[in-house]
Amino acid sequence: MRYAILLMGAPYSDQASHSALRFARALLARGHRLETVFFYHDGVYNAARLAAPPQDEPHLVDGWAALHAEHGVTLQVCIAAALRRGLLDEREASRHGKSGHSVEAPFELTGLGQLVDVGLSCDRLVTFGP
Amino acid sequence: MRYAILLMGAPYSDQASHSALRFARALLARGHRLETVFFYHDGVYNAARLAAPPQDEPHLVDGWAALHAEHGVTLQVCIAAALRRGLLDEREASRHGKSGHSVEAPFELTGLGQLVDVGLSCDRLVTFGP
Amino acid sequence: MSNAEMPDGDLLVILRHGPHGTSWLREGLDAALVGAAFGRRVALLFMGEGVLALLDGQGAGALGQKGTSPTLEMLEMYDIETLYVEGPAMARYGIAQQDLLLAPVALEDTVIAELVERHALILTF
Amino acid sequence: MSNAEMPDGDLLVILRHGPHGTSWLREGLDAALVGAAFGRRVALLFMGEGVLALLDGQGAGALGQKGTSPTLEMLEMYDIETLYVEGPAMARYGIAQQDLLLAPVALEDTVIAELVERHALILTF
Amino acid sequence: MKLHIVNRAPDAGRAVEQALSAMAAEDRLLLIEDGVQGALPSLVDEFASIEGRLYALHEDLEARGLMNRHDERVEVVDVEGFVTLTEQAERTLSWY
Amino acid sequence: MKLHIVNRAPDAGRAVEQALSAMAAEDRLLLIEDGVQGALPSLVDEFASIEGRLYALHEDLEARGLMNRHDERVEVVDVEGFVTLTEQAERTLSWY
């Protein structure tokens, strides 16, 4: 089956990101395809490239990137939710006249329309709220 | 009187940051002194230097910086809560081998001990939770 | 309301938060507007605390934060005209139909399950 | 428990969340440990859902997230020995004293206000 | 006297119950943000035990269209009044 | 058949009530994260109307020390079982 995940919780603040990542691993192990993880609301904070959690805690940002590298899962971040919260890739940073960036590949900033599309085109959308 | 504020809500996700900033302005207008705003839990996201909210919405990061510039309020961000969440100043970024930074002056990364100190030394500590 | 009166649709957005206190209501409405702009048939259900989103007389926040009332007024322009509100929640908050913006259809709990059944995608905010 | 038995202290940390689901419990405990490390007299009150923090037999999260049990075991080392738990919350969750780590004193609602009164700084998590 | 501040909606958790259980006889309670929903006549009975010591923030009532819908037993204060309440209280506690 | 997922503690809001009110006769409910607190015998009566269709996630019970304290009317599934539940349901709804 083709799955998508909607994640709306901040990493390290509540368990949603852990649950979503574990669920993603389990559905892939079961032979399903995970098309997209869509990050919305505080879920966009999962794309913070500078995250530096203690070494004895899971590194969630890297966890998502590994999912992309190993299984081609697209990591789509709602651009409107991200800009407000200070999560900009190089293109948006330059467009807003700021130096530096806080989001990088494989995370991609994208419109909310992608969420509706992916939700309607995949067989299953599973939401992890905060 | 000498006040301190503890802020634990993310900007743009809930009203806590708006409430805290408005309360800060009101107590200063009344002639009190605001020593410190301490950012903990998701409140640390208020220090995200790249925040780019829509132009018709209040810019909270700039709002805090203005409070510092006009009234000398120190803006202290819990370092442990911030590192996990990808909020690093230049020093921490270099210490963690990362290029770029997401926090800058007047926000300062500091230990949680400061919260207890300021809470016990000021006349009033007012907490704004998410 | 009987089954026959409830149209099938693509997207049902369930709004469970009031205005101003959190960004849930705004972000849920944004999802609905985007869905409609992309040509999907969208319905809204205001549930629990979400019924307060419909109260007339709302304003901007004290620091000038935009509220969600202006967005509600845009729903019709986006062809989002299928609006439901949870009846028991109206009673809980002491709100009557004449207190509400727009003209949502009040539903009992038992009908909400049917409404959910009739949409391909449900997003809860 | 009478007034005379409750010592005055510098910092009362009120913990109202269970383990694992959110970071509130860990962040509240961190504040308590830091206060104690700086020489403050610290007391903890486990309130509401927070009583679940004290349950024995907890483990790590499924992705290897650290729980808070190891932190609780460090409290004594930091000289945090004044532990209270909300009695009515224990009843609500069906928890008895023998289910609990450490040995917190169970308080009734009416005594919580007195406890609050006797501390210079109160932080709620 | 202490000031308790509740910013959560009555239906969003146990903040109100916990605040009430920690209040001493002379303490005051201020509703802000979504907490002002508690000032609605249909919900205000929850605060019967602290009548005369219940406040709600004007700006937050107004933004939500609740300014003329709140129960008359709730004293409405603006943000300056909020500051005054914190001056008068030795300490504040926030329940969220 | 739909799968409803609740991750909030019973005392953290109205997620449980809202999920129950949106459930059709054959729908299932899975408790995850702090939602598994609802599997405690003292709280499980809230779910009486869906007996036989109530699940809780093993990993989340275990991390909280609830694995041998949950009510026997709750069916415990691990994360693979969670995936299976989503396969069997046409759609999932999350209440948080």
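We call the chains A, B, C, D, E and F, going by the order they appear; numbering starts again at 1 in every chain.
Assume a contact is a pair of C-beta atoms (placed from the backbone, for glycine too) under 8 Å apart; a residue touches a chain by one contact, two chains touch by 3 or more.
Just so it is clear, the model here is predicted, and its values are computed rather than measured.
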Next item on the list: Check every other chain and keep only those touching both subunit A and subunit B; list them.
Entry: C, D
Notebook entry, point to check: Which chains are in contact with both subunit B and subunit E?
Noted result: C, D
Notebook entry, point to check: For subunit C, which other chain has the most distant CA centre?
Noted result: D
Next item on the list: Tell me, please, which chain's centre (mean of its C-alpha atoms) is farthest from the centre of subunit A?
Entry: E
Check: Same or different: at the subunit E/subunit F interface, is the fraction of residue numbers used by both copies above or below half?
Finding: same
Item checked: Whole-Å separation of chain centres (CA-atom averages), subunit E against subunit F -> 34
Next item on the list: Measure off the straight-line distance from the CA centroid of subunit A to the CA centroid of subunit E, and report it in whole Å.
Entry: 38
Checklist line | For subunit A, residues contacting two or more additional chains | finding: 12-15, 22, 41, 57, 125, 127, 129
Notebook entry, point to check: If you look at subunit C, which of its residues touch at least two other chains?
Noted result: 20-23, 48-49, 61-62, 65, 120-121, 124
Margin query: If a residue has to touch 2 or more other chains to count, which residues of subunit F qualify?
Written below: 7, 11-12, 14, 33-34, 59, 79, 91, 93-96
Item checked: Each pair of chains that touches, named by its two labels -> A-B, A-C, A-D, A-F, B-C, B-D, B-E, C-E, C-F, D-E, D-F, E-F
Item checked: Interface residues, subunit F side, partner subunit D - complex -> 7, 9, 11-12, 33-34, 37, 40-43, 59-60, 62-69, 79
Check: For subunit B, which residues are in contact with subunit E within the complex?
Finding: 1, 3, 8, 14-16, 19, 22-23, 26-27, 29-30, 32, 124-130
Notebook entry, point to check: If you look only at subunit D, which of its residues touch subunit F in the complex?
Noted result: 18-22, 48-49, 52, 55-62, 65, 67, 91-94, 99
Next item on the list: Would you mind writing out the residues of subunit B in touch with subunit A in their complex?
Entry: 10-13, 41-42, 45, 48-54, 57, 61, 83-88, 92-93, 96, 98, 100-102
Check: What does subunit A use to touch subunit C in their complex?
Finding: 6, 40-41, 80-81, 111-113, 115-117, 119-120, 125, 127, 129
